[in-house]
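See structure below.
The chains carry the letters A, B and C, assigned in the order they are written, with residues numbered from 1 in each.
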Amino acid sequence: MSVSKAKKPMTLESILPKIVLAPTTAVMLVCMYGFMIWTGALSFTKSRMLPQWDFVGFDQYAKLFSNPRWDVALNNLVVFGVLFIAVSLLLGLFLAILLDQKIRLEGTLRTIYLYPMAVSFVVTGTAWKWILNPGLGLEKLVRDLGFENFEFRWLVEQDMAIYTIVIAAVWQSSGFVMAMFLAGLRGVDDSLIKAAEIDGASKMKAYWYVILPILRPVFFSAIVILSHIAIKSFDLVQALTGGGPGYASDLPANFMYTYAFNRAQMGVGASSAMIMLMGVLAIIVPYLYSELRGGKNGR
Amino acid sequence: MGSLLIDNVTKSFGETNILKGINIDIQDGEFLILVGPSGCGKSTLMNIIAGLEDATSGTLELAGKDVTLASPKDRDIAMVFQSYALYPTMNVARNISFGLEMRKVPKEERDRIVDEVAKLLQIDHLLDRKPSQLSGGQRQRVAMGRALARSPRVFLFDEPLSNLDAKLRVEMRTEIKKLHKRLGTTIVYVTHDQIEAMTLADRIAVMKDGIVQQLGTPDEIYNNPANMFVAGFMGSPPMNFIEVEVEDGQAIVESAGETHPLKLPCAEAIAAKGLNRVVLGIRPEMITEPKPAPEDQDWLHSMSLDFDVVEPMGADTMAIGQWNGVDIHSRLSPKAGMTAGKGTEIQVNTAKAVAFDIQTGERIC
Amino acid sequence: MVANRSFNIGRLFIYACLAAFALFYLAPLYVMLTTSFKDIEEIRSGNLLALPQDPTLYAWIKAWSSACTGSECQGLAPFFMNSVKIVVPAVIISTVIGALNGYVLSKWRFRGSDLMFGMLLFGCFIPFQVILLPMARLLAELGLANTVTGLVLVHVIYGVAFTTLFFRNFYVSVPTELVKAAQLDGASFFQIFRHIFLPVSLPIFTVTIIWQFTQIWNDFLFGVVYSGPGTQPITVALNNLVNTSMGGKEYNVDMAAAVIAALPTLLVYIFAGKYFVRGLTAGAVKG
């Protein structure tokens, strides 16, 4: 065993895989990780119009968190996130269970529930902006039906505008949650429900005690994906309310855009972006961790 | 020429040593079988021979030329995979000729070879089909055809029959043997099926834990196993192992409540080692119903045995009883009409009995 | 008999629920379409759900060719073309790179390649807000600020993570023994890709292309940040059109414009829905 390992001569063929992967690796390191660090560094400077590298510690973060507009954006994110995720999950699960009952026209229904996913948030926002507009939209429709005093002006009310965003976002994304759950349900052995029914459980109980626990991974994935959508939401707000009235329906992404590109407050913009990154990491890291570990446990 | 010299080949992944110094000298035209339980390193060795994995150390010579560092395509080796690995989008003809195409063999030549190989393997009517339209046996033939087309120096077979059903497996086994007779090309064949190993091989290398436990002809492996592992691995049902006391060169066995001294062929070796306890190894076919045996009366012992279970298998009947509190298998003739029960008269032939060191498992003689 | 009847009532309930939600999902599309064919008078007087009394293409023509998107009034047509000019090269380039990357990451792994894949996968999750500022800077340095080329570049860079993920996960399921067999047959790295992998890749190419097409066509963030007045993609133009209030608000034009912006991806969804859903599930991480 004294023979030392002879190295294979390096041929073009043998390093081709590395060559193929090299450009992507380089670009990834610069444009994802490098840029992330760059933005992180920027958030500790007093950059405004242009980047400048006078470090000012956590000043920008202090500024950020004393900014009432950021406060509103964060609050909105909590309201929007919780409602959007909860409603999408319930609706998606409900539809998936109904669709799993050997429904005629299942394909057509699935197509209908899922098509909003193919449409951009800007289009969704535009459509709902029209439907929810106080003058001629839903309000008028209901009034024309005879309810003269019906009022529905969430779109222009400070406290309610964020809920219109929830409605539009649920409309767009719940079909996708349905598809995820349906795929999960299809993966569950049919005989489990039968066994539970033979054991005397009603269909409802069979789903509650037997099927839902099996779908736990789907819940996790769906929650992660939905919260990811929530944190990154930008276009929908821009198109539906423009962040208004005033800045009442701003989300962090809109705040970041406004400060970094419209108000020439790069430092504040960068620090808000970093907070968003932290938020995503707080969700993604445990998820990826459990996914990777789960794989080993044969989940 | 297709001789293959495997010289002190090792393979490790980090701290794990998969192969710990393999030495096998394969003659031109030889049919060598690598056999062993899964995880013994036989498939890794196969991949190293093919050039699909690099050895950590050691050298590999093909027809006298060092190919340790050569890439797979420069080795002139063809391989039949366990999963067949047929290219799913190509029809049978293209599957067979792909290797020739890559080696820039002209079209007419390729067609001629495909034709020839297809006739030889009786798949000429399948040439236009896709692999997904073939049965398991047909896929197997195509996989062999692909290897044959290139007329390589060495064929590698990686458990080629394990995906076939039992009947087809026996059929293809015979077919492969015929093919080898006809072509005379060197074959290295991996299997975990000891019957395949016994029936096909010129020589067998029994592997375990990255070490060749024994390299020899099927007869040597069967009758003169190097250790308990080899003895237990080859043969079905496996060799009976019984821990026994040795007195005056005789193994003391307790059967049906009586003790019997069995004469051992290797009494001197045991005595020379100063051992008084060994593992006695005796094949099931050496424990039979009483039958006349004209020669070597010395090795025959009669005793009674309590049969717990009797399993008729058609040609033979397996019966299971106990010696020294351990299950032992015996192979009886169905004509004897044995049934389970106490005190059945049997005959034990110890002419080929072997003894193993209790500590090391190595054969004493 | 009783059991049978309650069973039927249960079924009825299920179908009623499913139908009600179908209406909920279809309503906005229905409203968009009907509104786009009404004239402004009818919109003011009639109601949201009524079918157009006197269908007109006025709104469609205006949305396409003369509606104002900010200071210019040439309709969506030029922006539609901008989107096409961005989407086509970005989809092709990112898909090809993804296919090769996926091939290497699944079948030619080397020390560090798994780490690279992990980092790339992680990159799928980052909120783009953290790269917006430096990317703007880079595009300016390269002289690509406010250009279609710049947008193509951005979409390729941040799309490759997904295309790579798609192809890698698809190619992992191609038996590695095929690669070994082809190597023994004398095929090279690219020959194996060309002869063994490409022929089985049609489904994953379809999924990836559809996914990338939908993502890039529907993108708003990169569009609004990195485009200039002449290079805006259609999503940005639509948003400008809706928010430009010169004279009275023309909801019919807004709706026609929205449908025009949504049409390409909707058509893809209708004709290749199966692949679209597969992409969604595979690329679920992006959201």
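Keep in mind that, in the parts below, a residue touches a chain if its C-beta (ideal position, glycine included) is under 8 Å from a C-beta of that chain, and two chains touch if they have at least 3 such contacts.
Because the structure is a prediction, the values reported are computed rather than measured.
A.B. asks: Applying the touch definition from the top, give me the chains sitting in contact with each of chain A and chain B.
C.D. replies: In this structure, the chains that contact chain B and also chain A are C.
A.B. asks: Work out the mean Cα position per chain and let me know which chain is farthest from chain C.
C.D. replies: B
A.B. asks: Could you tell me the distance, in whole angstrom, between the mean C-alpha positions of chain B and chain C?
C.D. replies: Chain B and chain C have C-alpha centres separated by 58 Å.
A.B. asks: In whole angstrom, what separates the CA-based centres of chain A and chain C?
C.D. replies: Measuring from centre to centre gives 16 Å for this pair.
A.B. asks: If you look at chain A, which of its residues touch at least two other chains?
C.D. replies: Within chain A, residues 13 contact more than one other chain.
A.B. asks: Multi-chain contacts in chain B: which residues touch at least two other chains?
C.D. replies: As it turns out, chain B has residues touching two or more other chains at 71.
A.B. asks: Chain C: which residues touch two or more other chains?
C.D. replies: Expected reply: no residues.
A.B. asks: Taking the complex as given, what residues does chain A use to touch chain C?
C.D. replies: Touch list, chain A to chain C: 13, 16-18, 20-21, 23-25, 27-28, 31-36, 38-40, 42, 51, 91, 94-95, 98-99, 101, 103, 109, 111-131, 133, 136-138, 140-141, 144, 171, 175-176, 179-180, 183, 221, 225-226, 228-229, 231-232, 234-235, 238-239, 242, 252-253, 256-257, 260-261, 266, 269-270, 272-274, 276-277, 279-280, 284, 288.
A.B. asks: For the complex, give me every residue of chain C touching chain A.
C.D. replies: Within the complex, chain C contacts chain A at residues 11, 14-15, 17-18, 21-22, 24-29, 31-32, 35, 43-44, 47-49, 97, 100-101, 103-105, 108, 110, 113, 116, 119-123, 125-135, 137-138, 157-158, 160-161, 164, 188-190, 214, 217-221, 224-225, 235, 238-239, 242-243, 251, 254-255, 257-259, 261-262, 265-266, 268-270, 273, 276-277, 280-281, 284-287.
A.B. asks: Note which residues of chain C are touching chain B in the complex, please.
C.D. replies: 175, 177-178, 180-187, 191, 195-196, 199-200
A.B. asks: Give every residue of chain B touching chain C within the complex, in rising order.
C.D. replies: Where chain B meets chain C, its residues are 47, 50-52, 71-73, 77-79, 81-83, 85, 87-90, 98-99, 102-103, 146, 150.
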